[in-house]
Structure formats: C-alpha cells, structure tokens
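Each of the two complexes below includes chain A, the first together with chain B, the second together with chain C.
Showing the complex of A and B:
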C-alpha cells in the first residue's frame, strides 16, 4: 500500500513537472557568474549570462563574426573616427527608451567599476571621445587607428542610464565623464530594478551558489526566445552535472565530460558540438642558454635551434591524440586559430614523421637526445594531463627524454609566468575571434607595457613578425589586415616558435526536443536554445 | 574555577592565533591570484593596478600585519573575486551548511542509536552482525563515490529525488531554510544521508560498545531480577546511560561535520560554505579561503571550549587533574 502511494505520488509529480517544463528551461552551468553586474568581471561565465539581460552595440554570431545588435550599422569615417547608427524603438526593461546617452554612460562606467577582478577597461582604453550626433547616431574617436573597435564594442554591456541613476546629460571626457550621478555598486545589480538591460530576458532572481532565474522580456525588439522562464544552476563538478541531466533535474548541460558522451547519446540525449576558438599548444623557452629543466646538453638550450623545434612538432602524432585521448572531440591543429576564422591561412597540419624528426635532431647535433621537463595544468583543459603524457611519450621515442610536471591550474599559471618550464602545454581562446589575439599574446616579443607578448614566458621573439603585427593592428581595411595577420602567423609557425597541437571541440548535452547551435566561443546562451519538441512529436 | 576558565580561554586564543598564522602562510604559498584573475590579454598597467589594489605588492609580513589589524575590527578582507567582504560571503553560505549538518546529525542519531542498541543486545545474531558489517562499509566508502552512487540510484535510476541543488526555501527569521517545504526536504535528503553515513557508523559502533558494557552492569542485572519488563530495561536503564558518551562525541563531531560537508556539498551542488571553499581555492580567492578557515577554526575551538567548561562544571576530577598537570 505504502509503496503504491509513493509510486503514485511520484507519478503525479513527474506529470506536473513535465507540464511546467514546456515553458521553462533549466540549464546546468559548469561555473557560476561572480556578479550580476555585467561590467564587473571580464570572464566568459559572466558574459554568457549577461548577454541574456544586457546587450551590446554589436553581437557575435556562433562563429564570432560580428552582427548588428543595438547598433544597426557601424563604419570607419577615417582611421580614428567611427560612426555607429543605433537601433530605434528599443526599450529597456524599465520602459525607458534606448539612446546614445545610454551608450556613453555605459562606456564611462566600465573603468569606474569598483573592485573589478578583471576590468573590461582593456576594451575601452582606445576610446578618446564619444559624442551623440543625435539620439541614435554615435561618433567614437580612438587614440590611433584601432581596427578592433567593433569587436571591442561587442564586450560593452549597455546599461540603462536612467535605471542606474545618471543625470539628464552624460558627457564623455577622457579623464572621467560628467553627469554620471551616483554609480550603482556591483552588488546592486542583484536587484531586477537596477539590472535593466535591453536583452531578451529580465533578471528575476539571483541566489548565489543556487540559481539564476530569468523571465522573458515580452517587449523585446528582436526575435522572441522560446522559453518563458530560464533557470540556470551552477553544478561545478562534471559527474553530478551529468547525473542532473540524466535524472531530469536540468534540461541541458554545458561541457559534459567527453568520456560520458557516448553514454548520454545511448540514453537518448542529444549532444551537439563544434570547434572552439581554443588552441592547445606547446610553448618553448627561447630566451637564452639558461633554460630551466633541460639536462644532457652541456649547458646549451637546444630549443634555440629551429631544427630541434621542428623535430618536436614532427614527433607528435596529433591524429592519435585526438582519436585516443580526446575521443574525437578535438581536431589536429596547424594554426593558432581554426580556419576559416579571421586571419587564418589554411596552413597544413605538421605531418607525423618520427624518422625525419630523429634526422633533424641529429643534424642539430643532438643524436643522443636530451632530457627535458614538460609543464602542464591538470584541471584546466580537456584531458590536459593525459595529452601531455602522450606528448612526452612521443618525444621520448625520438630521443628527447621527457618528464611531465603537472600541477593544478592556479599553480601552473603562476609557475609558467615565472618561467619555470623549458617547454609547457597550455591553451589559448581568442576572445576577439580573430588572429591578432593569439599573435599579440603568445608570439609577439615580450613588451608588457604595450600589452604584447604577455603570455610569452618563453620569450620567443622575431622582429619581422613584430613589425608586421604592429602594422596589422593599425590597418582598418579587413582584407589587408587579414593578409598581414596571415603573414605574421606564418613567420612564427615556419620556424616553430610555437607548436599547435589541437583545437578543442566543445559539447553541450540536452534532452530530446531541444536544440542549440554550438558556438566557437563556448558560450551557453540560454535565449538561443530552441524548443523543437513539437516538430519531433508531430 | 575562574582560573581554569581563564587558562582555558587563553589556550583557545592561542590556538586561534596559531591557526591564523598557519592558514595565512598556507594560503599564500599557493599560486599568484593575479595570474588567475586578470584576463590573459590584459596589459602590464592593468596587471600592476590589480596587484596594488589587492595589496599583493607588499611583503608577506606586511600583508599579515594588515590582515591581523583588520581582524580585530571584524574585517577578514575583501574577496578578490566578488569584490565584497569575505566574511559576508562566507556567512551568507553558513545557514545552508548548518542546516545540512544538523539534519545529517539527526539522521545519524535517529538511525544509529537504535541499530547500535540492537547490535549491542544481540551481538551474535545475524541482524547484529549485519549492522556491524554495514557500519564498516559506512566507515570505508569514499564520500564522493558514495554520493555519486546515491544520486545514480535515487535520482537517475528511481527518479524519486532530485540530483542536487537546494530547492525551495522559506525565510525563518531572515534565514533561508529548506526543511520546511516538501521540495526543500526532497533536496535535503540525499546530501544529508551522504553526510550522515559516516557519523551513523560511528554512532552505531559507539552505542553497541556501550550497550554491551552497560548490559552487564549490576544495576541492569538487578533490574531484570526485579522482573522489570525488557522494554523498560532497555529504554530506561540502558539507553539513558549510553547516551552520555554518545552526546559528548556528537557535540564534538558537529564541528567536523561542518568541515566534512565540503565533499558532499560539491557532489550535490549544495550552496553551502564547503562548495564556496572549493570554488574559492580554484580561483585563489585568498580572503574567502582565510575567512572560511578562520570561521571553521572559531566554531571548532568554540565548541571545544564550551564542552570543556561544561565538563569541569560537571566533573570536579577534570579540574583537579588540570591543576596538577
């Protein structure tokens, strides 16, 4: 009797839960936003949630191409002046109309956000002036030619100047703006009153550690999303996240562990995946002969020899790594960004050729090989430590006796930046979705004041590459810039200054009846999740 | 009594201070938070500004003195990641953890004591042996794995209970609790059970040992000889006497339960302090890690102090031996 009652109760619950699910989408996130303030923390986790509520002038499509959002058109009037035409008839969640004043206010607030762990101001620092020609035309001036301004403006979350307490006129000046009123603190954005954007969803509730609830903005200017309510729950451990999907607690999860994907597909769940903008690469110590962690070379640094670096690249069987360790959820890489993204050349992947690798080592005078330490994080990228182990075995096979030194990400990045590794494996996701991002950070000569080579602890340096890259960074014309970026990338790859391994693929798993177009920037955008259950049933 | 109290208080303070030093040093030995926090394409100026804002440019001893100075004002620092007072962030998560720990404690007593008494009264029966064998399992299963199995069985296979999260909460005196709603209870059950299993085994073993000892005492034999019913002997004469050590141990174990909750909270996505700690360690959010550890130290030292004082009040022998020692 008791058993029957329980079963009955469970059945009733299941039915009622199902009825509600048609209007509600629950997503299991792998990490939690640190704040609801869209300008607080330059972090993918925050951005993918804020895009539901706060839009930008320009949006990025699933391949990180730019598309109109709050701006319908943007053009460079000359090398340093841009005109943005703003969309008319758009309202914020609090009912106030969207105008150029809101944009100026939003850009002005970015450098003023208090205690920001990682500020968005790196994307506003080229702006020297902003003025409204009229309510829906905005002129932006930059301190030099900045072809990336449209990409950078896609990171500016547009706030409602009224809801934030601005004065009637907001004026941009380079050293702090006027008319800003009292700035809302980051914590104020937990309240739906302050968190007024123009996006397809409005903030309903943010309970730290527990859930974020969004409700549909019925007055949205664009295409209406499929769900009345979105619940996002942070489930940071991968196993429990998969279990939550299996048990029906959530309808969709991001980054399911790749070893669980076949099982999820067998259980009738849908898995979508695509290439990501993240390249996994090997970086080597180029600074001088005092390389750390190398033995058996009479105090020399063999990595200074391009032949040795080429040998390392040829010794790696990328296909095998992708097939056996990444379970097919990766692709062998020949560049720093997957083609056909902006600035790629379609260069061929280095072929696996251990004989040639051994011959190159002999030519360089290391026929007896040497000993080296390979640094890697063990909890940052998909199966990172296993990939590093495989690389180590492959290198050992051609005579470079490689020992893997794996540590947790927080340790690894500090040690890497302290130049503790002669060679290390890491990943780079191009936030801007084009080639200048990896080139500037990974292979440009180390010049921290200019923001160049900041993730180049091996200090690889090639003056020709630097000058071409610098030219590209001030070339507004897209075709020309693409050519220059390709040239700069080829220089680094020709002399194996950096060795690409593979591009990660990102997967999403969801219950049948849902659909999501996978994105190279790995964002889980709730408003892009489609309800296709009707089509499936009919 | 007063001397004892002062001395005991001094010892507690010493323990807290020593822990503060250890915690601070330990946390500062792991990685550089700036490498994790700042976006990898930030410029040097940006990085430098962050370093200064977080006070990481100062030497370690200086940072420690600033920290200690602030502690006396009740300020455990500002979170690097959330930009808010670290203590607030930890305290915000305290109710969820305490609720979980208390419910787990309740389960371990409610199930553990009856099973322990049964096993103690009938040590050689099949039932008694099974209970003991089960308690060994409870001791030795890894918490993380055990949690996953509970989820797989109850949430995925049977579909009776949710796999994680806290569910619906209601505010009682401004504190959100989940045990007052059906949805909240359903979310609470699995994580509490997972947390309770280890303690339950402890309670079973403790109760069994005590029952066996007490059952042979003269007053129990006398009660039986007097013809008092079996039920009354067990519930009044035996149970009352075995509860003293059980309650003492559980009081102390409550503190460790709060600390043990880390694994359970992570597996069940329970929004408590433990999950916050793990997230903060991954992000190298030093002030939050320090605030969490200091709060835990404070709770455990506090419980110990109270228990010791109660003990000396109840049992003069403790006080005497302290003076001699």
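Showing the complex of A and C:
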C-alpha cells in the first residue's frame, strides 16, 4: 500500500469516526460491474460506475443529448475530419494534466483490451487517424462519413496515459499505435493507482461481490458533487434490495420492482421514474417456410404473410399490458424508440382491434388459426415472463394458440440466435439514443460483417430499407439524416416486420431528502444524486 | 405392484378372516392412530378434487383463452366486471387461484404418483437382481446406487431439467432418475435377508426359473418396507416437483403447478398481494403433511420391531 492510500484510508476512518453520515451515500445496485477497467466490457452496469471515475470527451445528458465534457467543442471540418477542442486545466486523479496524448492513448487501448466480453472497439472502428494539433486540439479522421462519431466518442473512457505506463509520445497508426508502453491488464484497475481518471470521484476500494467505495475528487474541474463518499453495494435480488432500502441499509436503489412502488411511496420513500430508451418488441421468423415451432399450417410459415403479422399486432391490447402487468410503468409503443428522440416520426400506436385481427387472419387463409411457440427470457426485462403470457392470452383469443417458452436470459439469447423461436419477445436499449441503433441491429438485412442485422435472427429483410438506412449512416446533416431514418423505420413498421409492444419506464427509489433526475439510458449516476434535505446546509 | 394385489385378494377361509388377513390386521392397526386417519381422509379428499378438477373448477386455468389480464390481481372474494367471483383472488394473469390450486394439486399428484410407480418398478428390478445374483452384478448395481445417492436429489434434478427443458413429462423423468436408487437399496436389503430363508432353497430345488422365484416368491416378502419408503418418498416427490417449478425449471409457465404458483406470487408478497403465494403454499403444506401422517403410521404398523 502506498503512502497516499494509507493517508486516504486514515482520513476516511477519521471521517466515519466523526459520524458524518449525511456526507455518505449508499446505493443498492441491481447488478455488479464485471471489472473496474472502464474499457473492458460494453455493459450498462459497468458504464454507470465508470462515469464517476473516468470521463469521456462528450457526455450524454439525462435525455441522451450530447453535452461538452472533456471536449469543450467539436465540429466536422469535412465529411471525414473532425476537430475536438479539449478542456484546459483538467487534472487526472494522480495529478498529471489532461492533454490530447491521453485521448490518443485511450482510443488506442480500446481494441487492445484482452478477453473483453463485449468490446468498445465497435465505437472506434471508423477512426483512421488521430493527431494532436497542440496539447488541447485533436483532429480525428474517419474511414468514411460517420455522423455518429460524437455519440461514439461519448463511450470512450479517457485514461491517464501516465498512470497506465505510456511513453512520452503516443502516435496513432491504423495497425496498432506506437509508444503505448506496457498496457495495464484489466485487473490492474482494481487498484486506485491505475484507475486514475478525471471524474468527480476517485476509486477507493473495489471488493467483488461486496462493495465499491468512491471518494470525492476535490480538484474536480466541474461542479462538485454533493457526497464526500459513495458506497455502491450490488444486491441482485429485487426483494432484498427493497428490504435494504426499507431498513435503511442503503439510501437509494435502482430498478425497484414496480409492484413494490406503491408500498415504498406509502412508507414515505421517494420514487422517480422516466421513460427509458428500451423498447420491448416481438420479432418473427421471416427466413423461409421452414419455421420452427409452428403447427397447423400444412408446413407453411404464416408469418411470411404481412396480414398475419398485422393481425398479431392488432390482437395485442398494449394499454392493458401497460396498466395491469407493468403497473403503469411503461408506455404503449408505436415505434422502435420513444418520440421525440432522434429519428422518430411520432407514428401512432397500433390500435387494439381483435375483430379486425381475426378478419385479417381469415383473409390470409388461417380462419382456424394455428399453433405457435412464443420465446421469452424470464429474468431480463421488467416482468418479461408476465408480459409474454399476456401476449399469449391475446393471441390465443384471436385463434393463434400460443405456448410460452420462457428461459433465463443466457439460455434465451443463445437459443434465439440459433433461430429456435418462430416468434419471440425481447428488448432493445438504444445506447446511442437515436434511431439508427435499433434499425441497424433489429431490422436491417442480416450481414454480420457489416455489423448489420446482428440481432435479427428472424432474418427480416427489405432491400429498400437497407439502402435508405445505409444512406442515413453516411449523412452528416442532422435534419436529412432524421428524415431518412424515419423513412426506413416506417418501411419496417408498415409491413410489421417487427412489432413494438411498449417502452419500459425506469424507476429509482430513495429515502426522503435525496433527489435524482431520471435518465432514459437507465444509468444510476452517483454524482448526479442530489442532497436536498435541510442538513445539506451545515 | 400387481403381485401385491394378488396376495391381497388371495381367497382365504371365511372363518379365519378376522385373524389372518394381513390387510385387515394392517387396517385395524392403522385406524388406531386418529391423526393418521385424518391424514388419510384429507389425502383422499385432495385426490378426489384433483381427479374431478375439470368438472368442479370455475375456470380452466391452463386455457389461455379463458384468462384475461383485466381480471388480474383481484383480492380474495372480489368479483370481476364479468360478474364472476374469485373466492381466492386471481394472479396477475387473471387466473382464478382456486382453479389454479386444484389443477396444481392435480399436476403435483400425477407427477409424484407416476414417477413413484416407475421408480419403484426400476428399483425392484435393480435391487432384486443385485440381491439374487450377487457378486459382480451386485457390486455394479450397488455402486451406481451409492454414486447417485451421494449427490443431493435436487442437484441432480436441476441439472437434468436444465438439459431437458421444461415440461411435465421431463419433470417426471427427472424424478424417476433421482428416486429409483432409494427403492433399489431398500429392496436389495430385504431381499438379501429373505434369500437365506428355507422357502427360497425349496423354490430353487424345484428348479423354477429365476424370474418366477424372484417375482412370485421373493418379491411379495419384500413389499412392506417398500410401502413405507414409498409413502415417505411420495411426499418428497411432491416437494421436489414444487421446488423445481419454484426455481423455474419445472412445468411450463402457462400450466403452473403449486411450486410455480408460489414462485409467481413471491414477487408480490412485499406489495401486499399475499394470496397469490400463500394459498398455494397452504395447499402444498396440507398435502405433504397429510401424506406424511399416513406414512408415519404405516411405518409403525409395518415395522415388525414395533409390533406388540
């Protein structure tokens, strides 16, 4: 242990000995980060913790709008060249100044992280060159027009090149960078010495399965957060998490079960919630007549018929699901992203009309209905298993006898990718906060090499949609791009290539005297939790 | 099991019925314990409910077309818009809890009984073969039994179901696999004792076939301990099925058994909708206690050491 951490530990002991309870915030997390290495795993759980310690050039506000962070300004010089102006006078936790060298080092390390379960390199792929005009001006070149570069740069965690052991000059080259020195392993970031970022909090302790402790960065360049010390405890089961809040073990919890919210509010706890960017949808097998899990159709795949797909959509009473199963903590969905987020058209939600649905089935030649298996995870989305059963009820009522096949998320996702379900329910959260994210993954024709249709195991495909989407992906002008995205989305929704069900609402529950602005990306950001109690004045 | 029935229906001399019929003797000893009789009565009632389920329940809880989420989460005694009163409330899917519990009992009993019978059949064949032939066959069979009994039943069942997937048939298969070893061991133990007796030598001298000796002469004398182990095991099988369904690897979610009903309601306990979990829980406890009361008494009656 170094002298610095020893003094820090002593200081913390002194503070807690004085019983400064109001200066400490304890948060119950629903899942634990897989690593303290901010570039290890592209996972919401990791990102929401790393944002306290490591910042990015650009930050996302609660509505996923972009706002300056370590970059004060960014602009496209031409279709493939961007200039970022970096913030001056920022210091890392280890006292070294923040310069363009740190940015180049950080972006260079992203593809080099070993054993990453889900790499951030998808967000650095388009970068072909980076060079520093001076210490605080950075030029980035991309391999083609990439309107999403600013969004993508909000996922790059900026590390301290010095703390990570880089050489004095770091040069970007397309096949591996120069001057990287010895790369720190992901486990090294469990130590506060390596985990040096520019964020409002510094890592103090990471004990897997038990807790993450952060202390305030007193030299932070931005607005100082309200809490001297943050303790985050993973409590993965919902019941015990609520119980921990009720008993005062934690001050705040994320994703409380929606059925417990009335009780928490009755007990005087504060609940905040907002619409999330997560759409829950039904996806169907479009590839050929050889669909799995369908009976009573003489070997045909009824889902190839747009009328049948429309019937399925009209059979579903989304209002009832939202009200009865989701307890009001959801909103019926007509699109793949809640309006008014970027690229949405404000399209109306499909109305509940079982008579019309039955008529459509008859028109398609299935007046006697058929049998189908509906796949769903049972521990991934809010009340997922219950929602799937409700959908099965509604489909059965119009004559599509539906059997629900529920399994745990890991099993479900691998079975889904093996095309085992004729129809399945899943969710998609748009990390970029705009329409190209769900379109690229869910409805673009399957082309894994181009990163398209990777979550389209039903193999829905429409060439017109593909070409419009590809055009949108290289259009820098925001208005024009939004138009193109709306057009592509409308094609998929018009022929019911995908059936949106609802947008989840995310809730947070906390003791009175705290406040948190709910976020569409569902992140629990400790530094954004405000102390609004009277004790805050002393 | 047919053998047991045979020995029960053996024509006996009318005058000697009172003294000699083992069944009569057993029945008389059994009814001395009032608790056991109560257990039997409750068990018969439950069995009757389960058999008659389709005719007596207000709703078929497994027919999705009869459910409506708009009726979900009603408290016990509340009526829905359609005018139907739900005496034990509804679950979030609008399933009538009363109907769901009766159907759940049906699944529990069917799963437990079918798996019990199959496991006993396998256990008898394996155990008697081991005892009768001895030597290497005995070692092989009994080492397999030892190996299996060294793992907790729930662990083996969980692994099997994770591989097989959900379904009533798969739960039955898993329960057979985890239970047969108990019967094999029980049958072998009593068969080894019987084999040393004179009547077995007599049978062998008559040059009867191995099969005939094993099933006509040896087996009927090994039955009492089997009945005792069977009654204890049937309660355990019901509990095991409930546990597996509670953990989400048992029956399909649209056809809930008691364990799955309890699991579904578990999420709603904190929010005050106790009925989704508590009523199926009570049904499960009552069933298991009733069977255990019967089983305890049977063990006392059939145990020669405890006889007066």
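Rule of thumb we're sticking to: the second predicted complex is superposed on the first by the 515 of 538 C-alpha atoms of A that agree within 3 Å, B and C clash if a C-alpha of one lies under 4 Å from a C-alpha of the other, contacts with A are read in each partner's own complex, and residues count from 1 in each chain.
Quick note on the criterion: contacts are C-beta pairs under 8 Å (C-beta built on N, C-alpha and C of every residue); 3 or more make two chains touch, one makes a residue touch a chain.
Please read these numbers as outputs of a predicted model, since none were measured by experiment.
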* Fit or clash between chain C and chain B when superposed on chain A -> fit
* Can A:414 be said to touch chain B (first), chain C (second), both, or neither? -> first
* To do: Using the superposition on chain A described above, determine whether A:62 touches chain B (first), chain C (second), both, or neither.
  => neither
* Using the touch definition from the top, say if A:179 reaches chain B (first), chain C (second), both or neither. => neither
* Answer with first, second, both or neither: which of chain B and chain C does A:222 touch in the superposed model? => neither
* Asked: Between chain B (first) and chain C (second), which, if any, makes contact with A:145: first, second, both or neither?
  -> neither
* For A:35, is the partner it touches chain B (first), chain C (second), both, or none of the two (neither)? -> first
* Answer with first, second, both or neither: which of chain B and chain C does A:513 touch in the superposed model? => neither
* Angular separation of chain B and chain C about chain A, which is computed from CA centres of the superposed model and rounded to the nearest 10 ° -> 40
* Asked: Should A:239 be classified as contacting the first partner (chain B), the second (chain C), both, or neither?
  -> both
* To do: In the overlay, answer first, second, both or neither for which of chain B and chain C A:454 touches.
  => first
* **Three-chain overlay, closest Cα atoms of chain B and chain C, distance in Å** => 6
* To do: Report, in rising order, the residues of chain A that make contact with chain B in one complex and with chain C in the other.
  => 239, 243
* Asked: Across the complex, what residues on chain B touch chain A?
  -> 30-33, 35-47, 50, 53, 78, 80-84, 89, 92-93, 96, 147-148, 151-152, 155-156, 159-160, 162-166, 266-269, 271-272, 275-276, 278-279, 281-284
* Provide the residue numbers of chain A that touch chain C in the complex, in ascending order. => 238-239, 242-243, 257, 259-260, 262-263, 320-321, 324-325, 378, 385-386, 389-390, 392-393, 396-397, 401-408
* Under the touch definition given earlier, write down the residues of chain C that touch chain A in their complex. => 64-65, 67-70, 72-73, 92-94, 166, 248, 252-254, 266-273
* Asked: Residues of chain A touching chain B in their complex?
  -> 6, 10, 14, 32, 34-35, 40-43, 114-119, 121-122, 186-187, 207-211, 233-237, 239-240, 243-244, 246-249, 409-411, 413-414, 417, 428, 431, 437, 440-441, 448-451, 454-455
